[in-house]
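Note that chain A is present in both complexes that follow, paired respectively with chain B and with chain C.
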Partner chain A sequence: MHVVHSRGDKVFRGIVSAGALTSLILLGLIGAFLLARGIEVFNTSGFKFLTGSNWVAGSEDGVIPNDFSIGPMIVGTAIVSLIAMLFAVPMSMAGALYLEFYAPQNVRRVLVALLDLAAAIPSLIFGLWGVQVFTSFGERWAYFLSDRLGWFPLFSTISDNFGRSPFVAGCVLASLVVPITTSVAREVYSRTPRELVDTCFALGGTKWGAIRTVVIPFGKSGVVGGAMLGLGRALGETIAVYLLLNINFRYTFKILESEGGNVASLIATKFGEATPDEIKALVAAGFVLFILTLTVNMVASAIVTRSTKGAPA
Partner chain B sequence: MSMQATPSRPWEKEKIVRRNSGLTLLLGALIAYVIVLFTGFAGPDGWAVVLFALAATFTFFRNRRLSVKERKDSRARLLIAAASVIAFAPWISIFISVLFKGVKGLRPNFVVSDMRTTTPDDFLNMGGAAHAIVGSLLMVLIATVITLPLGILSGLYITEVRGRFSGVVRVVIQSMSGVPSIVAGLFIYTTFVDATGTFSALAGALALGILMLPTVARTSEEVLKLVPDDLRSAGYALGARQWRSTLIVVLPTVRSGLITAGLLGVARVIGETAPLLATALSNTSFVFNPVSGPIGSLPMYIFGMLQIGTENSINRAWTGALILLIVVFGLFSLARYVAGKDKR
Partner chain C sequence: MENVDISERSELKGTQMNETTSNTAVLETEFAGLETRDAHAWFGNHHALAGVSLQFPARSVTGLIGPSGCGKSTYLRLLNRMHEFIPNAAMAGEVRLHGQDIYAPGVDPAAMRLKIGMVFQKPNPFPAMTIRENVLSGLRLAHIKVDDEESLLEKCLTRAGLWKEVKDRLNASGGSLSGGQQQRLCIARSLAVEPEVLLMDEPCSALDPGSTLRIEETIKELAEKITVVIVTHNMQQASRVSDYCAFFLTDGGPGYLVEADQTRKMFTTPNDSRTADYVQGKFG
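And then the complex of A and B:
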């Protein structure tokens, strides 16, 4: 639509553009700042920053050199998020299917309302619940796992302390992710064309038959997108992991041992008494984390948009 | 999300069938409870495992009469029901534990006094989180004052002005919504806190603003997009210039939508802890000056009390969590109520 702009319009457009560009610059500045620091650290320590397992702040006189790398934290982030997704994805699919196809009307209405609220619970409260309520359960299950499956390297333990382990933290992250993925999955499943489901019943199919052949394939990309959204949240989670995990700078794949960490909680632990060089390294770590979550989020929103908009009606 | 007439669901069971299966479940639960009492299984998780085993056995025996297809169906039902119990249990447990553990410390003094003369382990009838509530409100208020206009202007830029940078603005805002909260805090810490030399409410508000802006801008844009072009054209047809048409037609049309954008933004950040750790820190008494130094906030209060780890301090943390949850849910319900008004 073509409009001729008066002077008033020019002022108006100027103000709006200025506002929009301010947000653009503010947000762009953060990105640029993180990027600059990231490049700086990569220039000095190269790819060792991503793979090494030392975090040593050098002394001011340079006798002890700086040595910063976040390898164990990246592995820790991956382990904790992986455990979370391993639990969260099947559970949320089942939860969404239950809400859409099995739950009685009134139960369904209550649970859906609660589910929306659950997605808004601050992660601090998940952390509080994890430490105070869940840990006793998690410890028991961890003990059970190491007792029965201890011969498997992943479940072997050295100490008899099962709290504050990646397993427990991963379980709490899973419960943090479930409300998000479940509500996306439910949304997608509810868009399944009714004719298709009815056709299944008309052909003498069972409910599970309809779900397996129509509902799940129909909602696949939406569920993947929802899972990615949840993964984005799990990767960047700070406070819950900080409360639930002993941060330790060592590569470890023993998920029941009480040590581990992730990049976000590393930043929260270290920035307080950090040297200026250390702060730079922390910002670079933040940059790595940002790129990670950014990629995951972008893929997720692309998938979700495609699956909710381009759906055959 | 307005109320709609619910369509009929042909796959739903009749009432009598449902009542019978409910009774069976209840019976199973009781038997499972008795088994738990007399065996090594313990706690609600042990009980759930026993109940699942019972249900599996029951299904197996009943299934012998059925065809293969029906057997698969009933197996799937059992698995889906069990898995969704696991999916729903954590957050229902959170609601319940926050409610019951939080209520213990919920006394008048909790919302009127601060912790200046009270140690965390003192009795629950002393001290409170009023300073933290005030601090949270102050920071969120500043963050809203900064980000709400910026967010709405960004939305207007994309939908009304349709300027050259619309695409860039949208992409940058979209990607900044993925900034991990601790990274936003770290950014303000290395710039603003470093420059001013002190933690402060303003620093906290800026960090919260970074996290809030994408939410506000995206919601505003989406709301503004819903305004039909006919309305804009009608404005022009009446002789209004674009600025008048926007001010008296477009913006009033979506007023409640824009309020929703603000409320969602506030709800998004009010429970954030990690960025405040690096920017506002905490305090035990009231602070009203946004630049004077560390200031308390509800999340940092909960966090601090949990870290102290004595019996009464943990009780205080739960009460803080209860208040925080009430605030967040209140904001969401308000946002939904306001958004619902638009539709009519």
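And then the complex of A and C:
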């Protein structure tokens, strides 16, 4: 397969390899840049940068020392993303199963096209929709949860303001994640061997029986991969969270309370008016986010590749 | 098209075709209750099968034989409505089980398939399940409650000729078995819902000769209790395993039934010269 036959082949091979290499080099350079700029902060703060809950830009005369750490933002990133996945994964699975097994041919064509379009909508639009439209619904759901389940610490609240909470932000993020996760899940479900599905019918099973017995188990790891691709998007989401959440530097696990934030929105919030030292800390925070999303995406694509390749013959 | 009734044609075993007979001598040719009347099949505009009328004898093996493209697999899939899962597939005529047209409106295809089971060409145990779960999967799918699952498990695996080989590793994955064992596991899986008829679509074509012989023995034993319809490309297999044969052919157009009779007669003195040519390997 790797035998190069002619000059034309050689040239073409060179061009495409250069293209592939460029994106790799670019990725490496971005990582290196973030690390180089942020390394000073890692050196001075050490591990505390990841666990502390202070964000104080010191005065120039040094009377007030710099104290930068992103612990609450990391926790916030995890909470908001988790809420998003909690809503997005079941919705995506249901949507994918509908598209693949229940939707009439023409409905499916239209919906699949719409889904791909939705995946391309800038997150800013989702953020605006979240602020303008969804918040009023989300508030009601949040109120309902706090009313009924307020005895549970996760759902307890201090104030009566439910609007700008991790719960609402998570819901909006879910709508952002659903298109890509649905798309991957549908792809994986469509590769279920036809004979296994036929066997379920031949054994007197219904369509739902076949889905439960073979399609969902077959697509399991692919759906996990698709969900992680969506998670990659949720983790790095900036604008939607920036519009929806009040950044607050305090560890909080109250998902209905109007405070929170994530790493990406922290950077967006602080960058405009940051001191030179603060910028270094923000770049360091960016490096943490870079590593986090890169890892999640790599694991995700590994899982997706394995699950689509490893279909039994 | 010619209307062929295997039961009426069989010379040795009497002419009874309905279940009302009280004479044990003709029990072997008792009508299984499964028949087609002027069955046609299409894939889009392609007319794949034309005017097949056939009645199946009970508790025996009927082989569907004929060259590639003659519609025998299509015909088999008509018999339990698997045909309709192929996009743009259509059919005409009747497939009757105990007088009831299984294509009639109001018939629940899932309930019907419990009575008419199917084994496919390639062994296909459910990959995420153990041997035990595979055998019992039909019960879960059809929401059937059984008092003693263990004895059903043993019974089905025994009938499929697999019990001795797997009784010590029922919780192993179905995929850990050899190809022939997997196919026998698939047969056991079909038996668990206790079908009256078992359809088999070239069940040995993906297997080695040794496994093929094992499956053929299993098929013969099954036919002591249920009706088996098997599609096969292999003339030796048809002569070894089947009691009756139905010969399908195509002249470029839709496939049709040439004749059906006792296997012994089909292989020695068939009524149609084309049957003789085919079973002697002159074409196909």
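We adopt the following convention: the second predicted complex is superposed on the first by the 284 of 313 C-alpha atoms of A that agree within 3 Å, B and C clash if a C-alpha of one lies under 4 Å from a C-alpha of the other, contacts with A are read in each partner's own complex, and residues count from 1 in each chain.
Just so it is clear, a residue touches a chain if its C-beta (ideal position, glycine included) is under 8 Å from a C-beta of that chain, and two chains touch if they have at least 3 such contacts.
Since this is a predicted model, take the numbers as computed values, not measurements.
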item	value
Chain B versus chain C as contact partner of A:196, first or second or both or neither	second
Which superposed partner A:299 touches (first chain B, second chain C, both, neither)	neither
First (chain B), second (chain C), both or neither touched by A:140	first
Dominant toucher of chain A (residue count), chain B or chain C	B
Which superposed partner A:213 touches (first chain B, second chain C, both, neither)	second
Touching partner for A:50 - first (chain B), second (chain C), both, neither	neither
Residues of chain A at both interfaces, chain B in one complex, chain C in the other	198, 201, 205-206, 209-210
Chain A partner contacts - residues on chain B that touch it in the complex	6-7, 10-12, 18, 42-43, 45, 69-70, 72-73, 75-77, 79-84, 86-88, 90-95, 97-98, 101, 149-154, 156-158, 160-161, 163, 165, 168-169, 172-184, 186-187, 189-191, 210, 213-214, 217, 229, 232-233, 236, 241-244, 246, 267, 270-274, 277-278, 299, 302-303, 306, 314, 317-318, 321, 324-325, 328-329, 332
Residues of chain C touching chain A in the complex	80, 82, 85, 109-111, 113-114, 117-118, 120-122, 124, 126-128, 137-138, 140-142, 175, 186, 189-190, 193
Of all residues in chain A, those that touch chain C in their complex	193, 195-196, 198-206, 209-210, 213-214, 217-218, 312
In the complex, chain A residues that touch chain B	1, 3, 5-6, 8-9, 11-13, 15-24, 26-28, 30-31, 33-34, 90-95, 97-99, 101-102, 104-105, 111, 114-118, 120-129, 131-134, 137, 140-141, 174-175, 178-179, 182, 194, 197-198, 201, 205-212, 232, 235-236, 238-239, 242-243, 264, 267-268, 271, 279, 282-283, 286-287, 289-290, 293-294, 296-298, 301
